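Here chain A shows up in two complexes: once beside chain B, once beside chain C.
Let's turn to the complex of A and B:
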């Protein structure tokens, strides 16, 4: 009896103390006029002196220190210390930490599936109002969707990466008088012209050791979103739309006319035995002219290769097919999910979803680039790397159709199993579209 | 440096305390064993000496083996019992049929190829003047892992579409003889044999060295005596040398069978199991660690286990027979 009375007293005391502190905090707002917060735009950040926020991520040094540096203006403004903590065991550790009651304030999650899994634990908190407002203002609906679970918005996007690129050689294009195509039919017309000139229009390689076949799944994904849009794409991931459905079969036909077309690629079956790394190495010399591959492919070229708009290699945006689908882009990104609703965490979330954060982080990337935000509040001129600016242009399109890799989101038996092996068969042994589709469908887990 | 120490110092502490606990347990066991006397000495000594090995064997082999068998009757996540469904899948899936055929080809062809070739080389090199030089060269691939060897052989089997520069050695040789090279890794069923060549290339040196040692151990007086009796060449080999090295030959052969049964690296590196070249070990890995289907992977492990058992039985019987002779 005595103990509970004491406890109650203590609780009341604590509550009063908490009230006083909150009051103190609200009467000493971070003052924009002092200049400390001037660089953070018009958003009002409340001072939370002495508070610490931890951000847990799979990003490691040297990238991690760039994130840490991007927090400095925010820390100076609010007095909050933001600690970025990186681990290469992120995916395994995060669920353990969350279940063990040792969750970080914010986690930077690269897979939408893991966001849903974390929200299902009941420990994650919805994004604060200002963060939601930022995301509504600066990102396309597709991006917001990947940060939401069951229609509720949780996590703002961090960085973005781009798959929808076609690598080519500006020098070779200039030599033959080719221009970068802006429509799908234009791209195939260009390929026809190249074929007529005796050139191999498209390079291709899907070899990747135990993961052989994955580049081919990307090709189909690019076509599905271009031909049928985000809704069919989402239904395809959940198997409401089957591989043997008319839509996906039609998309496979489009891929067949493109990357399985001997006129464009020369030897179709050789694509199955060519590694994806070596596929486009002949582009600078013109032994093949174009390769659909993600933004990271630039790193495959030897040092000294001029990767620029007039150089040895560069990339253009893989054009759309269906005009009703606006700026289709396939890519990936990271999302910042909070596990605490404390005010300092909310303020940090607000900052991390602001254009000022993206600009500060971008300033750390420099001319070698490697960091893109889909936040359209960041002017493209802020990108010091031309290819990153090109990717950002399409990723940050407010009306754009952004989708994640579908095979990553499908059950492993399909996305890392049948889809890889059957697509490899498709290229290697000329298996028919109907047979490939039926084989992938049959591998879909029953439950 | 500082951060390295601060991060790793607790780990060293953990290692040291684990070692301390280990030695403390050992001390306690030996103390108890030392106290025992009289009638109890023998059973306690047996327990102390055999116990740890049995516990480790049980925890590390017997329990996982039964767990695997248990999992093979469950679904992908090892939650629901699905009876023999994983086994009917093995029996009915045409891809798995190809896998079983390939595994059978591997265990029939590669052990005889490596051991036979190793024996031939051992005999021929035995009479050479500077035998250590060719022997070292032949043994050298043994120092390379299967993955490393596969990467090397990828250059041999490499194929580029006609307009690209051809870099594959095999394509170059074939072209020299006036034929058009094909995409070797894609050509089924030839590709299976091309992968087996890699195995033979790596393992022949090993077989050769062991068999060569056995041939050298054949007493010179026996060879001399048989030579006086008129045995030479093939006859000497068939009636004297081979019977004398027969047991070594069988041990090497059995080792090769087991190695080729669990072979995984070459297939994984060269084709990833595509183009009809997959074997059980590779398929098992794909099912469990790529497709996350614990049930099917376990069922394949059980099939592999069944494949290995007769070879083990044969090997053990052979060893027992030799003991009884000696």
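Let's turn to the complex of A and C:
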């Protein structure tokens, strides 16, 4: 303490510039009783004047300052100062800081595996009761599950992103009188119609440098969760259900009838050599009609492309297969894990899991979008970006089946190794499903 | 003594002749120009408008010179730059507050230690010197977590406290200390080599005149060792100023303590899209080390014992 004061003194000694520093970090705490909490909904927040909560995240500016801004009503209400710290070394630094006893109050973690690793250190604390109540009320069971370790709930979700989209051109669809399909069979029927008209129904590209093959792993993941649901999907990740099991082989067959079907995609082996970035660029002109790819794919289109419900290009939800699996969605998200049970940290967690926080954060995103919450307490009308609203609709479905990317959760030898190379072979050289499945299984680490 | 000195001067002159030949001059200039081009490109980029940086290579500046200081304005004051909320001045100040003590501490300790190890005869002084030198092989990466644990929890054997918790993680002291620790072995080694080579006659004359170790250290060793101390100070200054690892681990990334490099690393932004401010940020970052280097560089070339024993 003494030494740090000395440091401060040294800083002020240096120049007027140091005055700027102190001026920037001074926050006047407001009283909870002055009605400044009115905009924070029904949750009661106690005044915690002068307390500081640190949030560590991999998010950088300009996004980071939007998070900081979204905290302002909460800070004004409670007097708590919430400091967001972003680092692109987050994954490496968090374990070092936690093991060294210098953990942040809250960490925003994008990988479920890292949450489990942090809980295993014994330094993480379970979510407070109000946060748990918020998550039970506003998120689907799948989301809660990814924030839990061994059945105990730790981390509330922050933002979400969506993979289960199919890109298409509303203008081309209107020109030929096609309508957006809402079932899997409907989608294949539409593809049949396109094939009959001499069009290429599906675009495809799995080339991605050293990671070539990953889009194909997404296709299989989408089909596995759609055909067999979250339980088989989870067992598949833990290798209780093998690639050569009847379920996964059946799912691979479904993928083969879809993306390895020459009738729909033309030259199958060309998919292996086409980069995923360029795969769907022909959609606005109709050289191919549909592409399954994540929400971020919109950024691949050149500036000036109209990405909207009636524009050059847009996306629809990749329909489900098995009606017993409700609203299957594959995506990702971040979870907020606390390392302190102090009341001000708990209050911050409560706010961060509330619809009011999501609405405040969403207001920062504006019409360019880029921030989605799976919190269903946020009305879809709050989204100023149509594509984000579309994603949010499926991500926040309370009955929905939400799953993370399976290949990311599998051991790297498989999820970032055999699965990529073998799936590339599947497309490139027509390797049989049984051979591909056997090859991936054999790459699974022994322990 | 005088024979070796003559030999030294001879090789010195030969070296000078070798380096002042026409071929050598051309080679040196070519290397210098080649080496400077990327930095020069960075400088040119930092004064170009954002659209120009993204639209064309920096050399196009000479065909279409559009000059702007907006990048520097954005970097320094945080206005206009998309990825900056508050500017980097607080971080620049932190860097100075971190670097100066982290240079002064090891230099002061190492100079005194080097003198004692070289000129104060005590049992085991050689062993101690080699032990300190051997500590250099401990990689900094290995000690990050244990050091952080020491700062936050102290050291205990069973329930007995060996070192109480220091509570300095995330504060300036928590950065000064690791930098000082990791600088000491090399600093002591370098300064010991220099100080132990000082002429024995000088010391003995002083002792005969009744000077004790403190007087000798202050009146004779310190003035003579100034070039070595300055040389090491420059190294240590550059090392601490350019350090990212220690700062990332021991300082939090907030603007109260994080040095400029931590900010610079995240300046490019969430989508890696605002690297126009990176160029300007990089130049702000290297400005101070350049000033330090140029103001101390004469010590690199100054004759080592100039003015002492004629």
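A few comments on the model shown:
We adopt the following convention: the second predicted complex is superposed on the first by the 413 of 447 C-alpha atoms of A that agree within 3 Å, B and C clash if a C-alpha of one lies under 4 Å from a C-alpha of the other, contacts with A are read in each partner's own complex, and residues count from 1 in each chain.
One rule holds for everything that comes next: contacts are C-beta pairs under 8 Å (C-beta built on N, C-alpha and C of every residue); 3 or more make two chains touch, one makes a residue touch a chain.
Everything numeric here is computed off the predicted structure, so don't read it as measured data.
When both complexes are overlaid on chain A, the residue A:434 reaches neither chain B nor chain C. By the touch criterion defined above, A:211 lies against chain B but remains apart from chain C after alignment on the C-alpha atoms of chain A.
Of the two partner chains, neither chain B nor chain C is touched by A:38. Of the two partner chains placed around the shared chain by superposition, neither chain B nor chain C is touched by A:189. When the two complexes are overlaid on their common chain A, residue A:309 makes contact with neither chain B nor chain C.
Within the superposed three-chain model, A:129 lies out of touch with both chain B and chain C [touch as defined at top]. Contact with chain C, but none with chain B, is seen for A:88 once the two complexes are overlaid on the shared chain. For chain A, the partner touching the most residues, choosing from chain B and chain C, is C.
Touched by chain B in one complex and by chain C in the other is not one residue of chain A.
By the touch criterion given at the top, residues 200, 207-213, 266-267, 269-270, 272-273, 282, 287, 412-413, 416-417, 421, 424-425, 428-429, 445 of chain A touch chain B in their complex.
Within the complex formed with chain A, the residues of chain C that make contact are 82-86, 89-90, 92-94, 96-97, 100-101, 144-145, 147-149, 151-153, 167-173, 248-249, 252-257, 262, 265-266, 268-270, 274.
Only residues 76, 95, 159-164, 183, 185-186, 268-269, 271-275, 285-286, 290-293 of chain B touch chain A when the two sit together in their complex. The touching residues of chain A, counted against chain C in their complex, run 1, 3-4, 6-7, 10-11, 14-15, 17-18, 20-21, 24-25, 54, 56, 59-65, 68, 83, 85-89, 93, 96-97, 99-102, 104.
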